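The structure follows.
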Amino acid sequence: MSNAKNESPTIRSAVLLIHCPDQKGLIARVVDFILKNSGNVLHLDQHVDLERQVFSMRIEWDLEGFVIPPEKIGEYFQTLVAEQAGMHWAMHFSDETPRMAIFVSKQSHCLYDILSRWQDGEWRIELPLIISNHPDLAHVAEQFGIKYHVLPIDKASRQQQEQKQLQLLAEHKIEFVVLARYMQVLSDEFISHYPNRIINIHHSFLPAFPGSRPYHSAHQRGVKIIGATSHYVTPELDAGPIIEQDVGRISHKDSVEELVRKGRDLEKVVLARAIWNHLSRKCLVYDNRTVIFD
Amino acid sequence: MSNAKNESPTIRSAVLLIHCPDQKGLIARVVDFILKNSGNVLHLDQHVDLERQVFSMRIEWDLEGFVIPPEKIGEYFQTLVAEQAGMHWAMHFSDETPRMAIFVSKQSHCLYDILSRWQDGEWRIELPLIISNHPDLAHVAEQFGIKYHVLPIDKASRQQQEQKQLQLLAEHKIEFVVLARYMQVLSDEFISHYPNRIINIHHSFLPAFPGSRPYHSAHQRGVKIIGATSHYVTPELDAGPIIEQDVGRISHKDSVEELVRKGRDLEKVVLARAIWNHLSRKCLVYDNRTVIFD
Amino acid sequence: MSNAKNESPTIRSAVLLIHCPDQKGLIARVVDFILKNSGNVLHLDQHVDLERQVFSMRIEWDLEGFVIPPEKIGEYFQTLVAEQAGMHWAMHFSDETPRMAIFVSKQSHCLYDILSRWQDGEWRIELPLIISNHPDLAHVAEQFGIKYHVLPIDKASRQQQEQKQLQLLAEHKIEFVVLARYMQVLSDEFISHYPNRIINIHHSFLPAFPGSRPYHSAHQRGVKIIGATSHYVTPELDAGPIIEQDVGRISHKDSVEELVRKGRDLEKVVLARAIWNHLSRKCLVYDNRTVIFD
Amino acid sequence: MSNAKNESPTIRSAVLLIHCPDQKGLIARVVDFILKNSGNVLHLDQHVDLERQVFSMRIEWDLEGFVIPPEKIGEYFQTLVAEQAGMHWAMHFSDETPRMAIFVSKQSHCLYDILSRWQDGEWRIELPLIISNHPDLAHVAEQFGIKYHVLPIDKASRQQQEQKQLQLLAEHKIEFVVLARYMQVLSDEFISHYPNRIINIHHSFLPAFPGSRPYHSAHQRGVKIIGATSHYVTPELDAGPIIEQDVGRISHKDSVEELVRKGRDLEKVVLARAIWNHLSRKCLVYDNRTVIFD
């Protein structure tokens, strides 16, 4: 079910995302590790958060001729470089095809947008299932040939249904979850299974207007600009690390319905950019903040 | 002390800003009043807030050949049109030169920007005085030839100093006040003297990050976009009717100092646009919201 | 095949779009026509282009209780108001469901976006057919249940194929055509059948980079911002009246492929906004320029 | 005449800007050079232009404890690293205070903005002189205590006056020149003295509307967005490498005068950002394109 236009990228590369307490010589140690093993660095982006004294880095290199076999790179890197520096790191390969699941409720605009991009091969992903608490969007899933699981949720059933959701995700080997206007709060336990791997779209410019009905609140307050925010889900509602935000200008002429209509386009594009950044292995999280390498 | 480039606009016009409960035939009644008295409508902008059932309107017409003398138009309009419809209205003339005062503390960027525009003749205003709680920016005022009054404020002296401020404003026949990064909270009593005539610039995208140190909070929260908000001052802090907002993109690379630096440019331009809208008689306020005619 | 969510709008209203040489009393004449026949004005937006001395206006009123029957309003308005003032006008009713056709080539992103909005009921339109010079996107049309006609075009066949296109449009009573990245130039003759009723999306910020391969040119020139432009099609290529534009920031890091990827999102949203403005009867054209009432 | 707020930055650092044909191991060679000489890398930003096969890099390191004395770093770097790799490079130090000259004609908005930032200490520069072809803005220069040289220019005098300009720049040891709405074309010979060191602000979104009267052209074309572009000056008019651009939304309601007014704010901020990027040693030029490290 992968529709990536470019099944075999010409270059097979590895990406390392690293963060650790800042100290001298970190860049050199990582670069040397790659160079001495005959890797060719394609991209390097690095940042030091002076306030928190945290070093972060994204480095991508060509695996052609690299001495260490891909499945061993992590082990070698941990032993030779990371351990000593106290590095947190994640490694990815350009020929991976991550498996994504979508959660929806009744609104379809983000779902259509994601499915169109997927079918169009814009993203290199597998998309084996959609989960919803309502049957309303089953026809959209069917149209695009994706399985659609309805798991209605109320106060009494929440815990049990979340267990079923987790089971489905596990069965389908899902790597990350996209909440495409899923109007249910996830339990801390659920979230703990996918740390920094659940991407939500909130229909306001956070931290303004968290919670429900942000367009109503925005209209009430009389703001001149509305926004949308995509973030990783954490136990605290609408307070997770922000991946992407964007805004659009409105005026006194816009009714709440107009805000909702204009906001849909913001939500679609902000969520899509967040997914793209996640897929491109450009997001690194610490201290409830993201570093988005570009 | 007026530096308007265009001392004698070729057309002398009148502007009416109106709002009232919505009802049939309001536009026609106003248009007829003007037309029957030989006025030529130059601009008409109108809006109905369906949720609150409020009609609002800005109408500007050429006074050339208008039958009613300018100083009598208000009275006639009240008697013949407004009374019956329960209209709130304000009338302005294009050849007025409003008198503005600036309040500052220690930061100079908005002050420089305003004084440059004034000296350049961009705005049709008189600018007879600047009031500050600190002596720091006296040299800037002097550079532009404006009187600078230092009225230091602490808890004990606030009430007394505000009385002096009010006295200065009255002496100089000030029509409206601009708080150009004035870091003091005004008392309800002070505000009551200038309802919807005190314009503040707040250095965040309200309602996100009200109060002090918004750039620190924005950095802490890890937002991807910062903003500035200009609003009329009301007793509730940072909660007055919003006149203008704008935003700028930031990244994880931006320290708090960078946010402050980038934010200054937003603050300058947002405050300047709000002053322009106020001067152009394009702002109408009801229910703590603005209608900004364009 | 209409999917509008709101089949029966609560208010049935009429919209008049008017432009003519500026002269005294135009607003009053139109407003009086409506008021004297018991219409209630819902919205009025008006503009005078002082340079060209052109008056333009959009007025919408509630038809409930209006004395003149809808099918006669045009005739009466022409006789009683428009004739004398030399007005060009168009009349629309809120309960119309315009019939739209889409032309595409091989790129799918705008097509998906339009079909999703249509299926989602975001727009009040009928969408009976898609015409393409390639078979590539037939599966998308099928997915959404729309007829897809393939009319391949080369130099020799152009004239003949355009005749077939025109015939299809006539058969399906198409009111306006959307070129959703249709990579063929239309003949003057074709265009003459749909004046200001063919909407194109061009993948640059016009007038920068007209013609083909604008992203390559943008990359070559080293611009820091890219854009998209939606306009009505006129015989001169990429020079028709602009309905909507938007831009996005890029950097030296963006390859041409990245510009194409980022540009797609601009194209989708700019085209969608242009269609919305057209459908909302908010576009008026004269002198190769648009007035977009808001 | 330096007004930098922060005369003694706590960290004295060096910045290297490098570009050369792409090849393996470039990052490592530069990083090693710094590390082996006891430098601590503060920032590293790097990019490979795959189309042109050009490697570019900005690296900044702490000079505290660096083995090579500052005045010798360039020589050593050339010998040990740059020569072999065919690198073009430029070196700067954080405690430099570049000397800037401003050229103006009659419009004051960019001049005020630059002088305010300078006086406010926002930029670490010396600003010893302003050169103009008109006397109009002498009072502004005087207000800020800067020398103002009037060198009127017509066809006959151009060459001679440019010689005087060059002499003044040499006398004052000017490092770079800012054309703050200077309405004269500089000769190729003049430009050759300051390659990539003359910054211009053009009042359109280039390459749209080059040359004179861009706001008139924008109004004529009916664009929905206007822009401003800051670029390094090259012999071909308005075709130099772009440093920064920004845009603002307009509508049919905006007259040419309104475009000019709104454009001024774009010009000010775009020029200021370009100067900032230049001062921060974040601009690198090759092939008539800029790399702007961020």
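Order of writing sets the labels: A, B, C and D. Residues in every chain begin at 1.
As a convention for this text, a residue touches a chain if its C-beta (ideal position, glycine included) is under 8 Å from a C-beta of that chain, and two chains touch if they have at least 3 such contacts.
What you see is a predicted model, and the numbers here were worked out from it, not measured in a lab.
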item	value
Per Cα centroids, the chain farthest from chain A	B
Turning angle required so that chain C lies on chain D, C-alpha fit (0 to 180°, nearest 5)	180
Same-residue or different-residue interface between chain A and chain B, half as cut-off	same
Distance from chain B to chain A - Cα centre to Cα centre, in angstrom	42
Whole-Å gap between the CA centroids of chain A and chain C	36
Set of chain A residues in contact with two or more other chains	47, 251, 253, 294
Chain D residues touching chain A - in the complex, by the definition given at the top	24-25, 27-28, 31-32, 35, 40-48, 249
Partner chain D, residues of chain B touching it in the complex	108-109, 112-113, 116, 119-120, 122, 143-144, 251, 253, 261, 264-265, 269, 272, 294
List of chain B residues in touch with chain A within their complex	47, 49-51, 205-209, 219, 221-225, 227, 241-242, 244-247, 251-253, 255-256, 288-292, 294
